[in-house]
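Here chain A shows up in two complexes: once beside chain B, once beside chain C.
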Partner chain A sequence: MSEERPVIRLEHVSKTFEGETVLRDVCLDIHNGEFLTILGPSGCGKTTLLRLIAGFESPTDGDVIIDGRSMRDVPPNGRKVNTVFQSYALFPHMTVFDNVSFGLRMSKVPEAEIKDRVLQALRMVGLSGQAGRRPGSLSGGQQQRVAIARAVVNRPLVLLLDEPLSALDYKLRIQMRTELKQLRREMGITFIFVTHDQEEAFSMSDRVVVMNEGCVAQVGTPVEVYEQPVNMFVARFVGETNIFEGVAGQIEGGTLHALVEGRKCDLSSRRGFKPGDRIRVLLRPEDLLVEREVPEDDEKLWLPGLITETVYKGSTWDMIVRLDSGNEVLVTEFFDEDAEKMNFQAGERVFVSWFDGWEVVLPHEDDEPV
Partner chain B sequence: MRTTNLFKRLSIGGAALWLTIFAVLPFVLIAGTSFLTRDEGTFVSLRFSLQGYAGIADPVFVEVLRQSLYLASGATLLCLVVGYPFAYTLARWRGRGKAVLLLLVIIPFWTNSLLRTYALVFLLKGKGLVSAVLVWFGIVDQPVSLLYTELAVFIGLVYTLLPFMILPLYASLEKLDNSLLEAARDLGANRLQTFMRVTVPLTMPGIIAGSMMVFLPALGMFYIPDLLGGGKHVIAGNFIKDQFLTARDWPVGSAASVVLTLLMACLLLAYHASSRRVHRHGAQGFDGGKA
Partner chain C sequence: MSMLRRLLGLLPVYVFLYLPIAVLITFAFNDSKYSVSWKGFTWKWFGKLLENTQLMDAAVNSLTVAVLSASAATVLGVLAAVALYRYRFQGKRLMQSALFVVMVSPDIVMGVALLVLFMTLGLKPGFLTLFLAHTTFCLPFVTVTVSSRLAGFDGHLLEAAQDLGAGEFRAFRHVLLPMLFPAVLAGWLLSFTLSMDDVIISFFVTGPEFDILPLRVYSMVRLGVKPDVNALSAIMFGLTVVIVFTSQLLLRRKR
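After this line comes the complex of A and B, so read on.
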């Protein structure tokens, strides 16, 4: 990312509601022009974070800095950000045109310019012909577009989107993802998008902020977050994860000698572990390999197990394998031309391993939910 | 299915019967009487005449009507000014005690309003509580009597009718979606602009309903100007009462009643039309992909 000044900077932001801590010491730089998604389960504080930026709440501690200025005591109407609300919050007593022009009227833009800008914004979201209608007579998808037009017409520094797609049906949601991405590219403004849907987050964002219990768990590109989760929460929240228990041994130049599922194994890890530390080895279902027989001269750790279930999913073939250690793992195989390998059946004995270096090694965290 | 239908018919039929006997029939009788002739012995004689309406064309009645409208609109405005902030606060109340506050609005209904008006007499008179408090705070030097002033009439009307303003306002403010207010602020509106452009238009049905429920009864509440205004302030209700009980001129009293009723009907029609307009525009449903 560029070294220029971040468009929004959150400095040690905390928020407490009636004694309950909702956000804890959140620090985050948001770069100009990026599509940033705040991802987390409900109650993780992601919406509160957005409301702090919009100015609907003020931080108990810390500061929100927009465009280099502290936003302490700056009301929502004094901030150069606009929000697309989850419920759209369109004014029911106004036409689409009056809804979209509301912000421009408030900032006293000349009437002639208002008309041009509103019509341009409506054209951008594909609602040119609907200017005279009331929000109540529009479909959910159309209302969504009006809400977006009403926000972007003000040319905010940052557009805040609070789970804007959650009220739409599946097909429309997929379509709106692409449209939002295109819109951001056309306008070049920063988007901060809040969602609990990992697929939504990954398919649109430049960077993802994973939140858990009021704290930022990880910030990174979708690829980083998926492939190198920093802790068990992120690994579990983002996609399916298989976990192998282990104990660390000596480290030799990036190679960690360890015991995994009670057997010797060499792992690659950038983290430091002391011999004897309990570890967890994380592998995505598509990182796992399944063979009927252990290939000859193979250095890999091959764990024996029994296929208990196979699930055909169109483009992939999923298998649940119960390892002899008792651990159950999910394996996803993509169809390829060598179809022979795909004919695994429930009840077959197999050996499971993984592609070298694709594993993520994390310290064992106690007291965590399963 | 059949029992619900029977229940529906009975309940609606009962209400309709009640209204026919106790509201429509009396009005028909009054309307009929307004076209009859005054008779010293039997109050009215069955001869058609327009004497009643000629009687109210009198400047006295016009003045009474003017004063009624003045007092009723003044009371309505005062109720709105006092009631709106209260209803707003009540509707946005996050903490406990909301039910108690709402109860406080309703409690006055438990006592007869005539009794409460007598209570006001004791509060407002020269040696009354209000005067004592004013003296105690040093706002006035001498005990003052507010009784038999226009202010007393307004106090009485507002006191009696305020709940009728607060309840519809509360109902419409309660329904107001907070995210709409946030959206307005987000789009650059300050508090006042948000209030004027979003809150007021969206609670207009409540404002109109509350105003109707204050304005219409205020026109007829003759005992409040009688008791608190000392008879100096005559509203339409007083005039009608006097025609029947003092002047014994039933056709004039009836004609005045008919005029007043028609006036109220016009206001109700106007309210109906405006609320239908607001409701149609206020519809926020999702019409599922109807493009």
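After this line comes the complex of A and C, so read on.
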């Protein structure tokens, strides 16, 4: 895929609003046909990035290249991308049919073809019978579908979606995720989806771009981003994370001899650390193991602690363990047949470890409080 | 019951507001030339009105000026409102306050100012000066009416139009204008009524050969109120009520 020319390329794009930098030197290639999600907290610049691609804003520095052409000074109506807005932005004075046909009318498509394409688009989003209605008389989910039909009927190279599911209720949101994925597969066009919801991002995307404070923090598949976060921000933003403090020692091959929570421990890491570097060991709650007694002949590091809280969640059992070092960790155990192991109670003394090699070792970032 | 009581409580207010107009309309149907006492019902003053060619010419002139200046003010006023909404530019604040200054400045000041301007420019007082003057004082009212509707307008709608391939003009033509239409029409009707009944500014800027209705009526009543003036006033009042109600209805609908 990477040898192909990217459908969109962002070249060192920066954006400043009245002296405030919103995007800083963003470089990104978006490949044809992929479902790319831009994920980040509010104010990280993700919507601005989308608006730069759509043409509603122009970059202060750098260039947006769509289909091999520089988009400098090309207005939104000259770009082969279409947007689904967060507020849907349906034209209230037009029927559903007129809304969907708007783009085709603007590009002077013959009337007979307009009718075919609009009806086909409405069929695709399951709104065949609603062509004559006004957007105001439709439900939120239906309006959402009209907005999608109105965009895709123009057969854009790329469909831009700006938090389109945020206004829907939970059940509909889950349903729309699946529908969007299917829709993309049917149409084969590139989707760029902006969201602050990591679950949404992970459940739909081929690749995720995590953004923070105007910069791209990490680009990768959902699995890569979740399991191999490149820094503390990404680790914290995508899901729960437990952090153990440590100091690096010697490296031998892929093994890093280190001190974790004051105890000797071997970690696997491909990063280069110098002996004496402060490090952080990150573990997801489901990566942690809890036992009442340290198993015999186990070389792993087992950290003693006290269970302070247990939370039953249906399919999982969460525990908060206060380690003797003072660090509090969250452990998630999945139910299995071995039922008695589950019966941990608050107040029990336990030992915590993790599956070999599941840890992520990052350098200590001083500016980030734990 | 309580509704009736409330209406009764408000009665003095209505009397105070509308008694003069009620009296005027009553006397438009009074079969007596000079007397203020009731002499019976008649339509004849409306008939006499039609025979008064001077008055009818003035009415035609007034309507012409009102329609043209209301239209010109609407075009300019809508453009101004859209520009103030859409763009950020130098002097935007100044333009907004300048519009209000024109709205609140006394008519007499406007009248004298326009007269001096037209004289400096060498324009002969008549139709053109009247048209320009009326356009000037109507314009801010259109802008304010349209702006208040734009205040609740979702800016993403215009972006959506552009995103779908419409340029600035077509986005305006197909999305903004249809949605603003009630406010635009209301602005036009407001301008029309303002132009129709303006006396003071018109007095300064029109010439002897271009007579308009309010000034004609004004010169007629200096010699005493005649019943045909009452009839004329009754017609104008009816027209105004219709226009005001229409514009209010338009503004309320689709809000």
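The rule we apply is simple: the second predicted complex is superposed on the first by the 366 of 370 C-alpha atoms of A that agree within 3 Å, B and C clash if a C-alpha of one lies under 4 Å from a C-alpha of the other, contacts with A are read in each partner's own complex, and residues count from 1 in each chain.
Here is the rule we go by: contacts are C-beta pairs under 8 Å (C-beta built on N, C-alpha and C of every residue); 3 or more make two chains touch, one makes a residue touch a chain.
Quantities reported herein were computed from a predicted structural model and do not represent experimental measurements.
Asker: With the two structures overlaid on chain A, would chain B and chain C clash, or do they fit side by side?
Answerer: clash
Asker: Now for A:91: first (chain B), second (chain C), both, or neither, which partner does it touch?
Answerer: It touches chain B and chain C both.
Asker: Regarding the shared-chain residue A:134, is it in contact with chain B (first), chain C (second), both, or neither?
Answerer: first
Asker: Give one of first, second, both or neither to describe whether A:221 is in contact with chain B, with chain C, with both, or with none.
Answerer: Neither chain B nor chain C is touched by A:221.
Asker: Quick one: classify A:142 as touching chain B (first), chain C (second), both or neither.
Answerer: First partner only, chain B.
Asker: Looking only at chain A, is it chain B or chain C that touches more of its residues?
Answerer: B
Asker: Both chain B and chain C contact which residues of chain A?
Answerer: 54-56, 75-77, 81-83, 85-87, 89-93, 102-103, 106-107, 150-151, 154
Asker: Under the definition above, what is the set of chain B residues touching chain A in their complex?
Answerer: Chain B residues touching chain A: 177, 179-180, 182-190, 193, 197-198, 201-202, 278, 281-291.
Asker: Within the complex, which stretch of chain A touches chain C?
Answerer: 54-56, 75-77, 81-83, 85-87, 89-93, 102-103, 106-107, 150-151, 154
Asker: What residues of chain C sit close enough to touch chain A in their complex?
Answerer: Chain C residues touching chain A: 154, 156-157, 159-167, 170, 174-175, 178-179.
Asker: Could you please specify the touching residues of chain A with respect to chain B in the complex?
Answerer: Within the complex, chain A touches chain B at residues 54-56, 75-77, 81-83, 85-87, 89-93, 102-103, 106-107, 134-143, 150-151, 154.
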